[in-house]
Amino acid sequence: MQLVLFFVLALLAVAGAVGVVLSKNAVYSALALLLNFAVLAVFYIMLNAQFLGVVQVIVYAGAIVVLFLFVIMLIGGQLAPDALTAGSRRPARVVALIAGLVALAGLAYGLVSGALAPQTGQVQGSGSVQAIGRVLFTDYLLPFELASVLLLVAMIGAVVLARKPTKS
Amino acid sequence: MVPLSWYLVLAAALFSLGLYGALSRRNAIAVLMGVELILNAVNINLVAFNRFIVPAAVNGQIFALFVLAVAAAEAAVGLALIIAIYRTRNTVNLEDADLMKG
Amino acid sequence: MTLPTLDLVVLLPQLIVLTAALLVLVVDGLSGARSWLLAGISLVALLAAGAAAIWLSLQPGEPRRLQAMAVADGFALLFDVVIVVAAVLGVLLAYQSIPRISQQVGSYYALLLLAVVGMMTMGAALDLIVVFLALEILSLALYILAGFNRSEPRSAEASLKYFLLGAFASAFFLYGAALVYGATASLNLEAIAAALAGGSRSPAMLYLGIALLIVGFGFKVALVPFHMWTPDVYPGAPTPVTAFMSAATKAAAFAAFLRLFLTALPTAQPTWSWALAVLAAVTMTLGNVAALRQRELKRMLAYSSIAHAGYAAVGLVAGTAQGAGAVLFYLLAYAFMNVGAFGVVAALERAGEYDVARGRLAGLSERQPALAAAMAIFMFSLTGIPPFAGFFGKLYVFGAAVAAGWGWLVVIGVINSVISAYYYLQVTVEMYFAAPAAEAPAAAAAGKKGRAVAKAAAPSPAPEEGKAAPAPLSRATAAAVLAAALGTVLIGVLPALLTGWIAQAVQGIF
Amino acid sequence: MPSDYLPILILIVLATVFAIIAMALPAVLGPSRKTKAKLEPYESGMVPYTDARRRFPVQYYVIAVLFILFDIEVIFLYPWAVMLRQLRLFGLIEMAVFLGILLVGYVFVWKKGALEW
């Protein structure tokens, strides 16, 4: 039962990712990304990380994809600036394809040949909000405070960059 | 019980797709989406390792939580940069859009 | 539930700088931009943080720790000093030129200080989560700073390129960190080392992880296959930002790079040191060869900084305490000489200019002898000519590599230094022996001719001379260039002041 | 345990099925007479005078970003609220620092006029 569920979901996740990569229209890419994110939330719950699953939906599906769509609407999907210097993208695409395939083969080989002996003992509630909170606010206190510094940087950045270029 | 290696292969597949997307796309927003896919592949890895290798701990999940937070901040700054470039190039069009104020 | 006790003194330098950043934001938000006040707060805080780092490093006994997250050992604290040097010079350089390109001066200083917080934390981090968050803080702040010049479209595009490649590199770093976590079941650097001490359970995964970590760090320090952002971003960013990030980002990234690889992954050293040796050799060669052909100063210095990342990586390849100390010394020297060189560029730059053509240097020794002398010092030091700081940096790095059995890499390094001499010394020749171009900038020509005679030929200036600089050179810029020149000379004349201290400091990461 | 989430799954399936039925039934059963007025976007009975798909002013972007960033804040607040009783004063102080840093950013953004439109 779980195996079937895994395959169906994995197929959906990969389909979403393929959609992100191949869609010509940025809006469809964003929607495919949403599908991918939502499916991953289910995986997290299957992996006993319930809180993370919920956060995945709230942050990724609820916020990041919305921000992407917002920007696409703001400037029009086709009008986004080019990522790198202009020029023919065909060589880059071939390189990207090779890189992607090599990465996939290498990672799959490395991971499967790693011969991990997974300890599949049952553990209760390790992904619950309490368990996360207990460790996050004691052992991982420094990263927690650093996260607020990071958010502060992003906040200043949004103000600096999104304003009109004013020239005195 | 789904074995660990399946999750890892799924993550590797998402990583490769994200890599392909980030390298092959020309549109900056699409490149950023490719990067987001890679970050999600990372999170699957972290949570799966946490579940199978150190099931009593939550450090992998906490790392994944921070990855999520960083991904959001990164997207915010990156999209702001994209908008900034768009504005310096096409100021005229956006002045039109300001008419909505009234 | 037992609550932890926190030894916050560990993060004293970071806390000082963070407080100053918040103060800058509040002052700027509430009272509007008063440039001198904001710069003053930043300078005082940075100097205080540097003093705190030195004070902490002089404390006897075991290094203090903040839980299992961060440590204030000599290694971290001396890297703090390197970052403070670059940041202080960056603030001084910004004082004149940032108000010319942007009205958001407060944001500039705040972002610079927050980047410093991230950089300092990177060197002190003991946990992969902390390394990652610190890396992201400094990266995000620098993406924004690099795009600070909003009126120049090329600057914004360089910033976007930097962002996309940087985000990509962070993703690689994360994937590598996740695989290392999978192979060792731990995120703490010391626990990773302990888990690997008895041999890895899944070596394939571990080595994949290490390879991805090298890619991630390689992007940040600009090692060669991952350097393509540098030649666009360095000229595109405002010059004070370029100066700051060229030295400080390298220092922070190398600090984490060294600590991660030497503390957590020493058992895998035979593998990663070979990979890094190849990268270092390619980086030095390509960086220097590309720099030869550049006709613009910032672009030339961008390629030269790639080459210098290669030199510093040689010390990491050695993988010994001697090598780690050499990298630390090298980066300190680099902070003075490279920020100084960019400071001279900033002084020559006209408002709103994208890059400075090398032809502008012609006859500089006539017009601004002090500036020319300072530039000559930086160029000699970057080449590695004694008695300047850069010479000893290279000497120690190459010495450590030879001692660790990397003779061939040192041969490549020395050949590269010879290649680099060509373009660095050509800059000096242009300043002293080339006739000024017909279109000599009117603003810069208003030098005090009276002083021109005294030191024109000698490459060592009297300290007073920087202050007597021509009118368009602001006091802050002059002070930055002067301080950088003094630092370059002092470290070069008295390297022994530092070497003992550094040798002791780096013991902490093994 | 994942099986605890079965009710949610059932709910999702039911909701999807209901939505499909609700959309399919009128299409099958009802007559379809398209007139111009019916196809126009509804604007409180007014005649629409612009295309609905137009671009927003960029100022809104800052608001959107602030939403994202405070959304992240909430994911940290939630486990904190659950654990506050055990964390006691310690927890209160650490969250005060966290929020204090963000508050400075908020004041800065506000004073810079980025929230006005």
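Quick notes
Order as written gives the chain letters A, B, C and D; numbering starts at 1 within each chain.
One rule holds for everything that comes next: a contact is a pair of C-beta atoms (placed from the backbone, for glycine too) under 8 Å apart; a residue touches a chain by one contact, two chains touch by 3 or more.
Note that the structure is predicted; figures quoted are calculated from it, not measured.
Identification of common neighbours of subunit A and subunit C yields B, D.
When chain centres are set by their Cα atoms, the one at the greatest distance from subunit C is D. Our note on geometry: subunit C versus subunit D, Cα centroid distance of 42 Å, whole angstroms.
Each chain gets a centre from the mean of its Cα atoms; for subunit B and subunit C, those two points are 28 Å apart. We define each chain's centre as the mean of its Cα atoms; on that basis subunit B and subunit D are separated by 19 Å.
If you average the CA atoms of subunit A and of subunit B, the two centres end up 4 Å from each other.
Residue positions 8, 15, 18, 22, 28, 31-32, 53, 59, 62, 65-66, 68-70, 72-77, 79-85, 87-89 of subunit B are each in touch with at least two other chains. The set of subunit D residues touching two or more other chains comprises 55-56, 58, 61, 65, 68-69, 71-72, 75-76, 86-87, 101, 104-105, 108, 112.
Among the residues of subunit C, those touching two or more other chains are numbered 1, 3, 18, 25, 110, 129, 133, 136, 140, 143-144, 147, 150-151, 157, 160, 164, 182. Under the stated contact rule, the graph of chain-to-chain touches is complete, every pair of chains being in contact.
Contact residues of subunit C toward subunit B in the complex are 128-129, 132-133, 136, 140, 143-144, 147, 150-151, 153, 156-157, 159-160, 163-164, 167-168, 170-172, 174-175, 177-179, 181-182, 185-187. Every residue of subunit B that touches subunit C in the complex is listed here, in rising order: 8, 15, 18, 22, 28, 31-32, 35, 38-39, 41-42, 45-46, 49, 53-54, 59-60, 62-63, 66-67, 70, 73-74, 77-78, 81-82, 84-85, 88-89. Put simply, subunit C touches subunit D in their complex at residues 1, 3, 18, 22, 25-26, 28-30, 106, 110. For subunit D in complex with subunit C, the touching residues are 86-88, 90, 101, 104-105, 107-108, 110-112. By the touch criterion stated above, subunit B contacts subunit A in their complex at residues 1-34, 36-37, 40, 43-44, 47-48, 50-53, 55-59, 61-62, 64-66, 68-77, 79-90.
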